[in-house]
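Okay, so chain A shows up in both of these, paired with chain B first and chain C after.
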Partner chain A sequence: MRQYFGRKALIYALTFFVAVTINWMIPRFMPGDPIQGLVARAQVADPASVDAMRAHYTNLFGLDVPWWQQYVNFWAALLRGDMGISIWAFPTPVTDLIIRAVPYTLGLLIPAILLSWWAGNRFGAFAARRKWLDNTVLPIGYLLTATPYMWLALLLAWTLAILAGIFPVSHAYSFAVQPSWSWEFLGSLAVHWVLPFSSLFLVMFGGWAIGMRNLIIYELESDYANYLQALGARSRLVRGYAFRNAVLPQITGLALQLGTIVAGALVTEIVFSYPGIGHLILQAINNQDFFLLQGAFLFIVLGVLVANFIIDVVYTLVDPRTRIRMQGNAV
Partner chain B sequence: MTQTDQIVLPAKRRGGETLHFALRNKKLLVGAFVVLAALVLAIAGPILHDVSPTEYIGVPGQAPGGDHLLGTTMFGQDVYSQFVHGLRSTFLVGLLGGGLAAVVGMVVGFVAGYRGGWVDEILNMVTNILLVIPTLAVLIIIAAYLKVRGVMVEALFIGFTSWPWAARAVRAQTLTLASRDFVDLARLSGVRTWKIITREIAPNMSSYLFMTFILLFGGAVLAAATLDFIGLGPTDGMSLGLMMNNAVKWSALQLGLWWWFVPPGIGITAVVGALYVMNVGLDEVFNPRLRET
Partner chain C sequence: MGLRVNDLKVYYQTLRGEVKALDGVTFAVGDGEILGLAGESGCGKTTLGKSLIRMDGRMRHTGGTVELDGAELPIGDDRRMNRFRFSEVSIIPQYAMSAMNPTRKIGKMVADLLESRGLRYRNLAGELERRLDLVELPREVLGSYPLELSGGMKQRMVMVISTLLDPSLLIADEITSALDVSTQKAVARTLVGFRDRGFVRSVIFITHDISLTYQIADTIMVMYAGKVAEKARADVIVNAPRHPYTKLLISSLPEVGVRYADRKLAGIPGSPPSLLDPPTGCRFRDRCPLAHDKCAEEPPAVEVEPDHFVACWKA
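Let's look at the complex of A and B:
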């Protein structure tokens, strides 16, 4: 058991190391000079002040020391939780901005992921091998997974918010109420949450339903299912066993999909001006705020790694075979 | 029927059988039809409809059906022209990005699966690390630092970051094939590694490889759309994601200019959805167990 999780933890630690290194490398080895861009943006004509600005920015980014020392400094700052100061929301530290945005992103993502996974699996398993349902579920499911997250968000915002006026179009709560623990504020929060949540939910739902439908068909073809059927077991029972076997690849699938799902949440937030990480990233890009952008990137990587680890733990709990293999000789 | 015809038949039968089921598979046919129709539109559209997608040529905010087939944007750009040019970028990104990812994934998967040992250990480690990193986040960072971005560069970056799951899948398939008798025979008779991979292993999983490519194609299209929508799209061209980005930026939602953001989404969904449906069809054609009776 310890060996298995040790190996996993090693991979995740290495991944984090690689991600931080990429994060450090990109601005330094990219063609073009980011400082040049920052100076140019200020539109100062006087050469003396241009030089002063250059020196200031070079110092600010810590670019005036040898590269290996820059790398060590980068890690040291990171471990202190210091990701620099945002240019867009000067002088708020990047860490503060991210901590403020995280609850909104997680509040959208976690319910959307868990509910769509559960509902999609149930529905896909139910539809498999039922002629009529299968023929409707399959095309709809494929259309849903093929839909870009932001387009479904746009469609929902346009139809349900602008045309029908049922839900608000943007932001996490109405600016008429103050953030507090009052019912009024929570209600406003909930109403604003429905559309971004639904668009995330629907796209993911399609993917899980199709995945489960295909897996169930494979399982129903297998020997144990045929044998059970030959014994005269009720189809409910057979399907129950098939479902339990088909859920395992779906758990792995969830781990593989996490990156795409997070990206989907980012663009959904942008459509609804929802004040989460995606909104921060958009502001960072529009304002050339590279500290903020890189902070958000590191945070996303960290979040995905933690989620992967949780999925690993869940997998060992759900699948008895991994547990037995771990007790014997660890993989 | 003559005697010779009957002798020739068995040799040709496998290909003929696949074709027989392919032509009778509705999913495959419908999917292929939609993809081909979109491809024709992407190739012929910009040629037949010779209007610049970025030039301001008409009355701003015109609804579809007037002088302009799909109306105009808030600045008077022709939406139909943007759509067909964007569709072209979509196919370009899919082919290049998906193709590149397929090639890298296959090479890594074949080598790791066939060679085994420490080569496998290292490649597997690299694959697992890249598999966990949210690649779109990496792409966002890279694209944000690029001052000039083209469709080609975008496809290149997508291709180089989206191969890990394909490598893993190909590796698993290669492992099952590498221990078969015909591969052992080739190895015993001194055939070189590279030749065994291309002559013995790859042809036996060609259908699997093709389906992997289709999925990578769809993934690349969606990844590009996401990047473009965030505002990191091509600076010198037009794409469907960029259309949606512009529409949101200039509040097409609030102004009710639905023809600005609905067509690009339909374009992407139709192409990617049709590819996925086609993939199911292909799966049924190649895998007799899945065929509907």
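Let's look at the complex of A and C:
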């Protein structure tokens, strides 16, 4: 068991190192010069002043040293918890921007992932044993899961917000209210949350429901299910066993899907101008903000790795087979 | 009393039509009798075994009756049949290696099963442990997962579970096929022991291995293409078979003391007919060395000697 998690931790550490390195490289390969944009914003005409400003900013962001030293400095700063200063929102530190955006992203992602996974599994298992439900739900499920997150988001925004006017089109809360712990603010927050949440939930729900339906059918035809039925066990028992066994691959599926889900959430945030990490990434790209982009990616990498690790642990807890193989003892 | 099967017909529904896997099978198994059911694959052995306890979704009970201890078994009605399963009719399936839920401890699974049948695990736990001792399984297996048991242990565990409620009829479907020869013998002997101790009243032992059947069965029934070819005492079937199919089946077994490098082991040329559209008359006609004009008519099962039934015009 110890050895297993030791090996896992090593793999995660390696993944983290490689991912962070790529994060550092990507913004630097982007065309354009961020400093130029920053200087242009100041609207100074005098060439001497421009040169002085350019030198000042280049030095401030640490871009005046060779690239390998920039890389080493980057790691050194990162280990201190310093992710640099944003160019777009100069001079706010990247860490502050991310901390401000994180609650919105997590508030969308965590409920959407967990609820769609739970509801999709329940519903898929339920649909698998009713022919009419199976025949109607299956095509809808395929349609939903094949829909790009962004497209469904646009569709929902157009129908429910613009045409029907039931929900607001964009932002996390109405500009008429100030962020506070008042009912008015929380209500505004909830109303704005519904559409981005639904677009994420629906797409994922379709995928989980289809997966579960297929797994349940497979499990109900397995040998142990046949044996129990031949001995006259109630179908409740057989279905309970089948559900539990079918959930196991779905847990692995969740781990595999996390990356895609996070990417989907980022696009959804952009569609709804939801002030989360996805929104920050869009701003960072538009403004060639190396440091903000690095910070946002770093947060995503960390989040996906942590979530994967949790799923790994949960899987060994719920599947006796992996546990026994790890301990390697038989009767 | 035992089991009486009368003109049983079970067909498979397929897209190309009905497959007549069991087409009018009549036989009886007495109390304390072990009936060996032999024949090549596709002859209807497993279909017969399944029909007596639980039909799968494609099987249809098209005719005939099954009576166990004087009561008719509603074999075509999955729901009404539940009352008889496990307590009256039980099965050791072909797939004993994977018959137990891999993610549940064996003892818990047995408890779940018993409770699902409205029985208390606590009342039967003592008997369960005694039977584990009997088949030489440590009691700790109840706290383990199926994965932790060897193939032979799983086989014995399933045997104990299946017979826990002392069923009147036990169907043992190819239970030795996946085992090595020495384990085969032990499993067969355990089965006889269960009968002798009264855990099961009668047994239908389905196998394609006639030599193993001969060692434990009282009676052997040979099936061919969904029908009974011959049924008699085990020694009669092996030493004095009357049906040409049985004769060929017996003669294709290797004998001790014969070098098969010198003499080639005889087989039965040809293959069984399609049961989608079986030929009229005797179904063995095309492969039979003795076939003549009369065989275009279906031969009835005749009792040529007491308890020796043969369905052949030449017997």
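Details
Definition applied: the second predicted complex is superposed on the first by the 281 of 331 C-alpha atoms of A that agree within 3 Å, B and C clash if a C-alpha of one lies under 4 Å from a C-alpha of the other, contacts with A are read in each partner's own complex, and residues count from 1 in each chain.
We take it that a residue touches a chain if its C-beta (ideal position, glycine included) is under 8 Å from a C-beta of that chain, and two chains touch if they have at least 3 such contacts.
Only a predicted model underlies this, so the values are computations on that prediction, with no experimental measurement involved.
After superposition onto chain A, partners chain B and chain C are found to sit side by side with no clash.
In the superposition on chain A, contact of A:Asn245 is made with chain C only, not with chain B.
With both structures placed on the common chain, the touch criterion links A:Leu228 to chain C but leaves chain B unconnected. Once the two complexes are laid over each other on the shared chain, residue contacts for A:Leu237 go to chain C alone; chain B is not touched.
In the superposition on chain A, A:Gln294 makes contact with chain B only, not with chain C.
In the superposed model, A:Met83 makes contact with neither chain B nor chain C. A count of residues in chain A touched by chain B and by chain C gives the higher number to B.
Once the two complexes are laid over each other on the shared chain, residue contacts for A:Arg321 go to chain C alone; chain B is not touched.
Per the superposed model, the minimal spacing between any CA atom of chain B and any CA atom of chain C is 7 Å. Comparing which residues of chain A touch chain B with which touch chain C, the overlap is empty.
Remark: chain A residues 222-224, 226-234, 236-237, 241, 244-245, 248, 319-321, 324, 329-331 touch chain C in the complex. Interface of chain C with chain A (complex): residues 53-54, 81-87, 90-91, 93, 95, 98-105, 112-113, 116-117, 138, 140-141, 144-145, 147-150, 153, 158, 161-162.
Contact residues on chain B toward chain A in their complex (touch as defined above): 125, 128-129, 131-138, 140-142, 144-147, 165, 218-219, 222-223, 225-226, 229-232, 241, 244, 247-248, 253-254, 256, 258, 261-262, 264-265, 268-269, 271-273, 275-277, 280, 289-290.
For chain A in complex with chain B, the touching residues are 11-12, 14-15, 18-19, 22-23, 26-27, 30-32, 34, 37, 138-139, 142-143, 145-152, 154-155, 157-158, 162, 169, 214, 217, 221, 256, 258-260, 262-264, 266-267, 270-271, 281-282, 284-286, 290, 293-294, 297, 300-301, 304-305, 308.
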